[in-house]
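Common to both upcoming complexes is chain A, partnered first by chain B, then by chain C.
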Partner chain A sequence: MILFKLAWRNNWRHRWRSGLTAAAVVFGLSITIWGFCFTEGSHEQIIRNSVESFTGHVQVHRKGFHDDPSLRKVFYPDSQFVPELEGGVPGLANYSFRISTFGLASVGETSFAAMIVGIQPEREQEFIHWDRKIEQGRYLHPGDINGALVGADLAENLGIGIGDTVIIVTQDYYGSLCGALRVVRGTVRSHARELDRGGLLISLASAREMLSMQGMANTAVVMATGSEQVPQLISELDNRLGAGGLEVIGWRRIMPDIVQAVELDNVFGILTNLILLLVIGFTVLNTFLMSVMERIREFGIMRSLGASPGRVVGLIVVEAALLVGLGFVLANIVGIGASVYNSVHPLDFSEMGGDELSKFYGMDPRIYTRLTWQTLVYPNLFVAVVILLALIYPAWRAARISPAEAVSRRH
Partner chain B sequence: MGIFIRIAWRNLWRNYSRSLIMIGGIGVGLFGLLVYYGISNGFINQLVEVSIELELGHVQVTRRGYYQHPVQSNSFTPANSLMERIESVHGVRAAAGRLSAAVLVNSAEKSNRVDLVGIDPEREGRVTSIRNMIAQGEYLGPGQDGKIVIGRKLAEHLGVGLGDKLVVMTQDSENELQSRLFRVGGIFETNSPLWEKTAAFITLRSMRKLLGRPLQLTAILVRAEREKSLEPIVAGIDSLVTGEGSALEVFEWKEVSPLLAQSIEMFDFFVWVFYLIIYLAMAFGVVNIMLMVVLDRTRELGVMRAIGTTPGQVMTMVLLEAALLGVAGIIVGGGAAWLLNGYLAANGLDLGRWADGMEFMGLGSVIYPRIEPLEWLVSFLSAEAAVIVSSIWPAWRSAGIEPVRAIQFE
Partner chain C sequence: MKSIPAPVFLLCLLAVLISVPVVEAREPDSTLARRIAEHADTLMRGSSNSSTYRMTIVRPEWTRSITMDSWERGKKLSYMEVTDPPRDLGTAYLKRDGQMWTFLPNIERTVKIPPSMMMDSWMGSDLTNDDLLNESSLLDDYGHELVGADTLDGVAAWHVRLIPHEDAPVVWDRIEFWVRQGDFMLMRDEYFDEKGRKVRTMSYEEIKTMDGRRIPTRWVLEPHLKKEGNRTVLEILDVDFDVTIPDRYFTRQHLERSR
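Moving on, here comes the complex of A and B:
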């Protein structure tokens, strides 16, 4: 207890120095916490936009389709997929079937190559919520075999409007040229990059007819009840469907590019924050080294009165803990406060002219911060490590003080 | 003045561990800033280079509205000798016409959407660097109208090699579907995976035949002698084309690619924020140390004041000490950054582990950091300014010392 009293008083002896050191810790740590919450929020948004608005948590294909897609690699949902799921699968929320291929589409004088996706409008509405993603026009009505939806950026670039007729030309299941006319019912803004920039959605029935693929599909899109359930869902589906020649793939494998981009961004985020924290570390190191150096005589007297080197080091550590601890508490209050604020009031990059950029990355230009236990624990851990490193030398220096020499030394 | 520099210099070494810590703090901060800046700048330069070198040239001439609506029907027929007249504009090195369209390319097993570009091989060679990117086979020669040049990634995706057949499907000027057979004559490799996957080239003559647009172009790409001053060139070409009352417009690359312009803007913003944060973090350390310096020497400074040193001179001396520390920190941090940056600029920073992620951002996986001489200078000067500004308050306090009280201070 006396240790705490001593330590507290020592910190007060140099009010300015102690205050500045604590302030430096508050500055570095609160910025790091907010920064982590910001990156986490933007990453989560990119991934969620992609998963929830197009790819789903899990996809099922015929084995080999994922690595080397081809229209010939199909499966029959009614015999190969649906019966295997009987009795319910834990963690599975919903699923639907798709056929996707590439083709040439033309509207008026304009022709463009498009990713053509046949979807089950009613089923996908339940979990992709397409109607919320309609920018202009309307969603596909049930049984609308002649309708099509176009990605919003594609529509904008090519000047496609509601009610325009699209001529689709592509290769069918047997490899021969086929064509069809569809009418644009609406445009889609999903924030999934590939869809907004090049997608043409028609109904599955319509795609089957055009491509001579009655009863077939090449993709099953599966939604889990929550993102935590995904790994378990993958292995469960794999157990049931693997033997039938189907392959089950999670979102991490469906979009390795996004997963890696996020990882790389995290690496850079950590490195830049580390630089900040190292600079702060030097301030801390300076404060404690000075506080040891100017008290060599004092520590010498403590030692000659019978205090062990451990006790001297203990005093330094408690002093540091009191000072830095105060910094930690304040930093967490500020950092968490700012993050929570921005999780409700997002940063709007469209005001800074970042709308093309956010479109490119498939994001909403408004970025919400996201506070998780990781964005809280890691910054605190980093700062704690940096401060411990900064304490090693001053503590070692204090422990080495020999009483006789120190007491005889003139300050 | 000389004496104050000498005093400041000596004072620096009186408590050398404190000085070393401050130098360390400034050095680490500046080192981090510069390395970060170099790498981010390397990212941006790669984006800019790929865009200019392969896609946009420095300046483009298109029909009005082409970039809002980039379709083949938005093409134009250039006036006679327009190319030569553009090339005679001061500062222009070369110009080349292109006719582009989005097409579907089919191999025996697969098809893919491709931006097919018809080029005048000889002129294009002087404007963009596609010619130098050919890794296998050859660049298009005059009269090689049956050849197509594609990117490595597209070739892999379509499962084709040199000499293999590809069918190009598109609409022509009459809205009729056309398909024509080409043989792969060359495969190019670039630092832009996205581009390698989506671009392909045939001769301008066969593109015009395919689209049924015998004289048209969708764009004229212009290469400038110098990248920096493009405005006079834009103005020069503008006066050429508007003089004819035609429906053409002239842009520099920045206007054509808002994504690129925004990436640069965003990069500048983040760099600015990072500099600000690091300088503030440094300021805590500098204020802390300089306050200690002043406090330690209260008695001494009081004596100086008593024997006639003015408050301004005391303040100058303290600021000089901080300035010297700043210079030392800059030498240490700047020097280390110089070495690392130089090494990475020569050997490249290989981020191959994240190749797919880099591709998502439109980048190749090897980054070459770059810092211009002026940018080094600005970083050094701003760091020094940050150090001096941070020590104004401690210096101000030192000037306020009252001699009588200070001398009694223990």
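Moving on, here comes the complex of A and C:
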């Protein structure tokens, strides 16, 4: 107990230095916590954006389609998919079928490559929320065979608006060239670049008609009840559908580029944090080394009075623990507070050129932070380790003091 | 630094001198090869022709047949129109000035086949749009070399190799083909890609007399490289050679005329 008393007093002897050290810990740790939450939040958002804007958590195709897509690799939803899901699948929230292919969208003499996707308008609306992505016009009504939604940039390139007719030319199921005329009902701004620049959405019935694919689909888009359920959902669906020649793939395989980008960003985040941690570490090292050096005589007297080297080290550790502990408590309060605040009130980057960036990278310019146990535990652990490392030298230095030499030493 | 030693120079000179007669000795071979290629080319085509043929596309999942009427003049002009099945009735193709257009009756629009679609399948078959457009360049874009005499299915044949010219805009690394000795009847073509892999084989079967000419009437195209089980069969049902075809057949107006 005397150690605590001594340590408390010693810290107060240099209230400025102690205060600044604690402040450095508060500053460094709270920023690291918030930074982790921000990174986590932005990644979650990138993934959710992509998953919800188009791909879904899980997709089901005929085996081989994912590696080598071809319009001939189809399945029959009514016999191959729907019956296998009877009795409900744990973790499955919703699904719908699509036919996607590539072709040309043209108006007059102007043609652009287009990704043509036949969707089930009513079903997809429940989880892809297309109506929120409509920039102009309206979403496809159920049973609308003649309508199309066109990516906003594609529409601009083609010079068409609501009510205009677009010519679609592509190859049908048998490989023959086929064409169709569709009326633009709305334009889509989804933050998914490929869709905005080249997407042409028609109803599944309309696509089946155009491509001679009655009863067929080449993609099932499946939503899980939450992103945590995805791995289970994949294996469950694989159990039920794999034998029927279907292949179940998760968003990690559907969008490997996004997974890579997120991983790369994580590496950069850790590097940045390492620099910050290094600064905190040196601040702590500096404080304690100074406090040991200027008190060599004092430690010498302690030793002369019968204190063991371990007790001297103990004193320094307790001093540090008090100071840093206070810093940790405050840092966590500030860090968690800021993260929670920003998880409700997002950071809006649209004023700072985020609009252009968001168009380019397909991100919402508002970023919500996300607090998880990882974003809390890791920063605390990292800072604790760095501070422990910074304490080793001062403590070792104090333990080595020889009483006689120290007491006789003059400043 | 040093000048070339005299013996080496002399050897080089000698080599050049010796090689000249060799090149000349090969001349007749390549002339024969070219004559074979030219014969094969004109045999099937005539100066002009009108024909009806059936294309059967075989896939592991399905088989379908398309019947077409075709008019062709020289190498640069052709017009084709689908007469069956009803779904594709009226779909037409025009080849002119090295470009290809197709008329799609259900949208009543003419679409020019863009360069990006040249390597796509033609009507779902194992032929590409490029095959149709550039069939004529076999003579102009390739050098012809007689590999030698060969026997194919027990028949004496000439084996000819087509190697594309340096700057020729072609997709094949080489084409090997065999014709019957004597009458130069087409027997088989094999197409190789730049990696030396055999990409596809065309076999010519069922030789019949049509409009006074002996021609193979059944052409079977088989792609290789992971496409086993796929096949396209072209059967010539009727052909008239050296017919007069009005100029208007080869115009976009004709392509788009109301049917």
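In this text, the second predicted complex is superposed on the first by the 404 of 411 C-alpha atoms of A that agree within 3 Å, B and C clash if a C-alpha of one lies under 4 Å from a C-alpha of the other, contacts with A are read in each partner's own complex, and residues count from 1 in each chain.
FYI, a residue touches a chain if its C-beta (ideal position, glycine included) is under 8 Å from a C-beta of that chain, and two chains touch if they have at least 3 such contacts.
These numbers come from a predicted model, not from an experiment.
Per the definitions stated earlier, placing chain B and chain C onto a shared chain A by superposition produces a clash between them. Taking chain B and chain C in turn and counting the residues of chain A each one touches, the greater count comes from B. Legend: residue contacts after superposition of the two complexes on their common chain; A:S212 is shown touching chain C, with no touch to chain B. When the shared chain is aligned, no partner comes close enough to touch A:A243: not chain B, not chain C. Residue contacts after overlaying the shared chain place A:V169 against chain B and chain C alike. In the superposed model, A:L305 makes contact with neither chain B nor chain C. Once the two complexes are overlaid on the shared chain, A:A113 sits against chain B and chain C alike. When the two complexes are overlaid on their common chain A, residue A:L181 makes contact with chain C while staying clear of chain B. In the superposition on chain A, A:G28 makes contact with chain B only, while chain C stays out of contact range.
In the superposition on chain A, A:R17 contacts chain B only, with no contact to chain C. Shared interface residues of chain A (contacting chain B in one complex, chain C in the other): 104, 106, 111, 113, 169, 171.
Chain A makes touch with chain B in their complex at residues 16-17, 20-21, 23-24, 27-28, 31, 70, 102-104, 106, 109-115, 157-159, 169-171, 198, 256-264, 271-272, 274-276, 278-280, 282-283, 285-287, 289-290, 293, 349, 352-357, 360-361. Across the interface of their complex, chain C is touched by residues 72, 104, 106, 111, 113, 167, 169, 171-172, 174-181, 212 of chain A.
Chain B contributes residues 17-18, 21-22, 24-25, 28-29, 31-33, 36, 68-71, 73, 101-104, 106, 109-114, 169-171, 175, 177, 258-259, 262-263, 265-266, 269, 274, 277-278, 280-282, 284-285, 287-289, 291-292, 351, 354-362 to its touches with chain A in the complex.
Contacts from chain C toward chain A in the complex involve residues 57, 59, 61-62, 64, 87-88, 91, 102, 104, 106-107, 109, 111, 114, 116, 120-121, 123-125.
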